[in-house]
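Naming follows writing order (A, B, C, D and E), and every chain is counted from residue 1.
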Amino acid sequence: MAEIPAVPLTLEGSFVLHQMFRLRRPEWRALEERHAAQIVEEGARALSGIEQRRPAEAHPNQSAVYSLIGHKGDLLLVHFRDSIEDLHRAELSLAHLKLFDYLEPVHSYLSVVELGLYESSAKTYAQLIEQGLEPHSPEWNTAVADVIARQSVAMEPRLYPEIPGARYVCFYPMDRKRGEQKNWYMTPMPERQRQMHEHGLIGRRYAGSVRQIITGSIGFDDWEWGVDLFADDPLVFKKLIYEMRFDEVSAVYALFGSFYVGLRIPAAGLPRLFDGSFA
Amino acid sequence: MAEIPAVPLTLEGSFVLHQMFRLRRPEWRALEERHAAQIVEEGARALSGIEQRRPAEAHPNQSAVYSLIGHKGDLLLVHFRDSIEDLHRAELSLAHLKLFDYLEPVHSYLSVVELGLYESSAKTYAQLIEQGLEPHSPEWNTAVADVIARQSVAMEPRLYPEIPGARYVCFYPMDRKRGEQKNWYMTPMPERQRQMHEHGLIGRRYAGSVRQIITGSIGFDDWEWGVDLFADDPLVFKKLIYEMRFDEVSAVYALFGSFYVGLRIPAAGLPRLFDGSFA
Amino acid sequence: MAEIPAVPLTLEGSFVLHQMFRLRRPEWRALEERHAAQIVEEGARALSGIEQRRPAEAHPNQSAVYSLIGHKGDLLLVHFRDSIEDLHRAELSLAHLKLFDYLEPVHSYLSVVELGLYESSAKTYAQLIEQGLEPHSPEWNTAVADVIARQSVAMEPRLYPEIPGARYVCFYPMDRKRGEQKNWYMTPMPERQRQMHEHGLIGRRYAGSVRQIITGSIGFDDWEWGVDLFADDPLVFKKLIYEMRFDEVSAVYALFGSFYVGLRIPAAGLPRLFDGSFA
Amino acid sequence: MAEIPAVPLTLEGSFVLHQMFRLRRPEWRALEERHAAQIVEEGARALSGIEQRRPAEAHPNQSAVYSLIGHKGDLLLVHFRDSIEDLHRAELSLAHLKLFDYLEPVHSYLSVVELGLYESSAKTYAQLIEQGLEPHSPEWNTAVADVIARQSVAMEPRLYPEIPGARYVCFYPMDRKRGEQKNWYMTPMPERQRQMHEHGLIGRRYAGSVRQIITGSIGFDDWEWGVDLFADDPLVFKKLIYEMRFDEVSAVYALFGSFYVGLRIPAAGLPRLFDGSFA
Amino acid sequence: MAEIPAVPLTLEGSFVLHQMFRLRRPEWRALEERHAAQIVEEGARALSGIEQRRPAEAHPNQSAVYSLIGHKGDLLLVHFRDSIEDLHRAELSLAHLKLFDYLEPVHSYLSVVELGLYESSAKTYAQLIEQGLEPHSPEWNTAVADVIARQSVAMEPRLYPEIPGARYVCFYPMDRKRGEQKNWYMTPMPERQRQMHEHGLIGRRYAGSVRQIITGSIGFDDWEWGVDLFADDPLVFKKLIYEMRFDEVSAVYALFGSFYVGLRIPAAGLPRLFDGSFA
């Protein structure tokens, strides 16, 4: 009987770009007040335009503005789009605004909304092998493409999500460890499936208070995944991630990058933010 | 019988922001003297205003100013507040002062005062399991919420502390190691409880000469905890941390970030500090 | 009988230089509009000149322009040339353009197109040893040089490739791990050959949708290899690399550097790009 | 019988600040010549004042100036003082000189002269335990304080040293490794004592040609110790450290930071140094 | 019988400083053309003066200029001198040229030409122990000093080499690994000798096409050794280092830093280089 493939099926949706900017404060402060006001209002108008769900489009394709806490940056923009080209278009048109002469890009992250299908991969692979199909044979590929197509339709709202309206965002990238003894990618599929299942149970307990969007970034950026958490009470970020850290898949296999915490700002509130206050 | 949860209960209190700034010395020195004096006095007034315990508020919600030793920065501001929004408000309003055009933010740390309840977690979990409760069942959650509520009241002064008046501060972030063989998060609860207990005994021997505030930063910043030590004799920082380094939980599981050492400066002393001297 | 050499034969072709630039936006934006237009048109003309296959030369010796997504840079130039001197000539003559006063070099990568000959190394080494030749003896060296000469002719189009016209590029550097237990360079030749063979099978399944160019950089830059993927659908980058990550040679032995994703821009489109849009 | 404490006794003396500066050469060179001369002479006078043993003080409390080799910095100042406050006072008063507008602080290191008492810790602990004393009991603490007081008096010249007059300095920070298998802080006291003893024997063979000052920096800076070597023949730095690297305590447990090599410059020679030459 | 010392004898010769500079292109380009020409010609004259073998000195004491490929720098200067003071003198006098206001020092490396005497150490140690001498006894030291003195004379041309005239240079620093299981410095002397011998055999096969200069930097810079390879065909760098990577001493124990590749430029060619072309 053929060997079960090691690679779980994944669904992909919106491409996502996180942009972190630092305000060049001394240069900004040197501007004549009325001039500064015009610049920030132009910026606010442009950002307001991409903050809303795009009426003419099938998917939300929104952007959101966050004010970052601490020295890692002043502004975080998060863009969801149907393609990398659309993301790049947004990036270039913002860079062309006068406001962005005063915003230094200090970090960014490119990824795509991803749903990992550990359970249905296991089921699908088992069925196809029972049917005597050889992995990667044309029949196998057709059957797998079928599963993916069906699931993509069913999952569409989660694949192309609106940006949650929560007050706080927490973003961080992560990898699965490939250590000399503990190597996620050499762990057998059923064991990975079991650990991911338990991992999911924790997340479910927080479903009411935090919204999580996982994006895949293998081939796009320097870590394997990006995680966005959205919540009104930021303490939940700590509670959830601390609890997960004792979970086997995180305790043993997770590597984390930098954490960014931001407060949602309506684009129209940008002039106020640049004046030193927020809602 | 149900399995004891791996996650110890924690109490959270004030949110804390550490801000490290470097003085843009050449730009500052280029200012006309009277102008510089006005700028630093305006800054000193603003900082004086947030240095005191807030009379109208239940918790101290103070800020403190430290002059940093060495090249890692010139000024350290430490803010304790009831929420991240309050921290961000403080951060933005300071950034809006003219003084902060000459202060480059070089580092920061976002965390929340945390008390880890290893002992009472163990007791509580044992009791609830003896009562036949299932972890995370509604009854379990109610019972746990009860313990947390009671302890939070009892611990309030430690959860929302005044900033100790000591002459020196030492701040550093830390992680618990998740190595291939030595992994804190895979260590059984009773073993962790034992190690934390021994760790606490060392701290207690230094109680008279150093005050320690532990803040949790999982989900908020790049390390898992931040540690602030406050003492009049800075040699105690070395003695305490060196002794702890031989302690099992530190020797085997602790990873440390950068250490920042500062001298407490009353906000009103800022003009003097900018003139090159301190009390 | 003599021991089989551990080092696989490799063929080398074009030398390759990747250059990543960040646009000094504030300085660029401060230029008078007509002046900026002249500068970018001069740059576009120069880049157009090296974008085409060089008619008088045996090998394509092309350059290509990509607009980078995110903060890692704004422009990626990729040059294929017959020698490092030719690459350096291109680098210097571009640096001499006025446009490059506004382009800060933030990263680069020097490497050479490489084809690893695991299969034919194994065959050749086995034959020569059967013939009783001693590795590195003059007869051995002559025989090996022969194999390399023949293969180089056969592989010429792959050794001196045209730059694929695909819409997207993904570039990243990588190493083979030399860990304390898992050390690629101490793994026996047949085992490495087996793993590389399986690795190649995955690549072959993506042959229709992605073009891959491997370059070697041992002795030239900070990683051992550079990988360029070219595709019209960037999702394929993720699919391919994710699938390969479960492959033994990648799961156990691969270390990856930063990933750069860019959109192909015809050099003649540079003025448009600097105006904030692309095709 | 009580367990022997793991922590060796240490003696502490002068606090030490290393400051590494880079000359902002273009800004410095843009100065009008006479103006530059005045600035550097004022700086030289101030540094000359703190270069000498302080006549009114019990301890030398000196500073020294070194010209650094290579790109890591241009100037290294080393200050020995009785307290961190005194170090900070020196730091602030230097920063206030016009010269320091042209000196960018690129690195620094805060530490305290430390003598580790492995031998006498072992003896003292053994005696006290034989006397039936409990570690950390009041009687134990008194006895230990006694040992420290006596040794501090005996060691005073080594605890508060003059800065050796040697032509070259070599400074580097170091840690003791806490690996998963090799962990200095989990190594039994007698074994650490044995290794430190052998380590000391090597140092003693170089006593005639190199002077070594060890400073502890746990709780003060990012490494556990700082090492200063002073010698007239810099080749001795290499000979000594290479020989020590084969020593068990270094081979297995030492982690090293950056190495800084400087040439001693009398403060009065600073104008000459800024003119491009030295004695 | 006494134990054989673990430390191999080494011979030292010229001190070497590598300096990597980045041209401040926008500032350079802003210069009036005739002014720029004067500046670069003054620089070329000064560098020409130190490029030649010093006629009045016993050792060559030369400097060489390389144009670096890629973003790591624009210019590499390599200086060989009899002492660190002589290197520092060269460094300071170059820094004083107007040209160097436009050259930002981005990296450097300080080391000393080193010949490791594994074979003759083994022989010498064995003889002396057979003669009943105790390591580090006065008789032992005299005998060892004798060997070093004799070998230093014999090896003088290799200890104080002329800078090879080859078209390309490749420079990189390296360490020997001190891992938890694989630790070069805990490997017995005969085993290290065997591995170094095999390592040398590979080098010898490339003797005709590449010249290698090893410099030791323990106690001088951040890695243990610096390696310079000189060749007319840069592909040889890759061939040689790739082959060595499979060698036990490299595969298991070598850690590599950044690689710098440069093209030799006669100092007199500097004005042409600054004009954007080379020979």
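Structure notes:
Keep in mind that, in the parts below, contacts are C-beta pairs under 8 Å (C-beta built on N, C-alpha and C of every residue); 3 or more make two chains touch, one makes a residue touch a chain.
Since the structure is predicted, the reported quantities are computational estimates derived from the model, not experimental observations.
Common partners of chain A and chain B, by the touch rule above, are absent. Each step here moves to a touching chain, and the least such steps from chain B to chain D number 1.
Distance from the chain A centre to the chain E centre is 47 Å, each centre being the mean of its Cα atoms. Centre-to-centre separation of chain D and chain E, using mean CA positions: 29 Å. Under the contact definition stated at the top, the residues of chain E that touch 2 or more other chains are 180-181. Under the stated contact rule, the graph of chain-to-chain touches is a ring, a single cycle where every chain has exactly two partners.
Ring order, beginning with chain C and continuing to chain E: C, E, D, B, A. Taken together, the chain D residues at the contact with chain B in this complex read 6-7, 10, 12, 17, 19-20, 24, 27, 84-85, 87-89, 91-93, 95-96, 98, 100-101, 105-110, 112, 136, 178, 180-181, 183, 185-186, 216-222.
For chain D in complex with chain E, the residues that touch the partner chain are 25-26, 29, 67, 69-72, 168, 170, 179-182, 205, 229, 234-235, 237-238, 240-243, 245-246, 248, 250-252, 254, 258-259, 261, 263, 273, 275-278.
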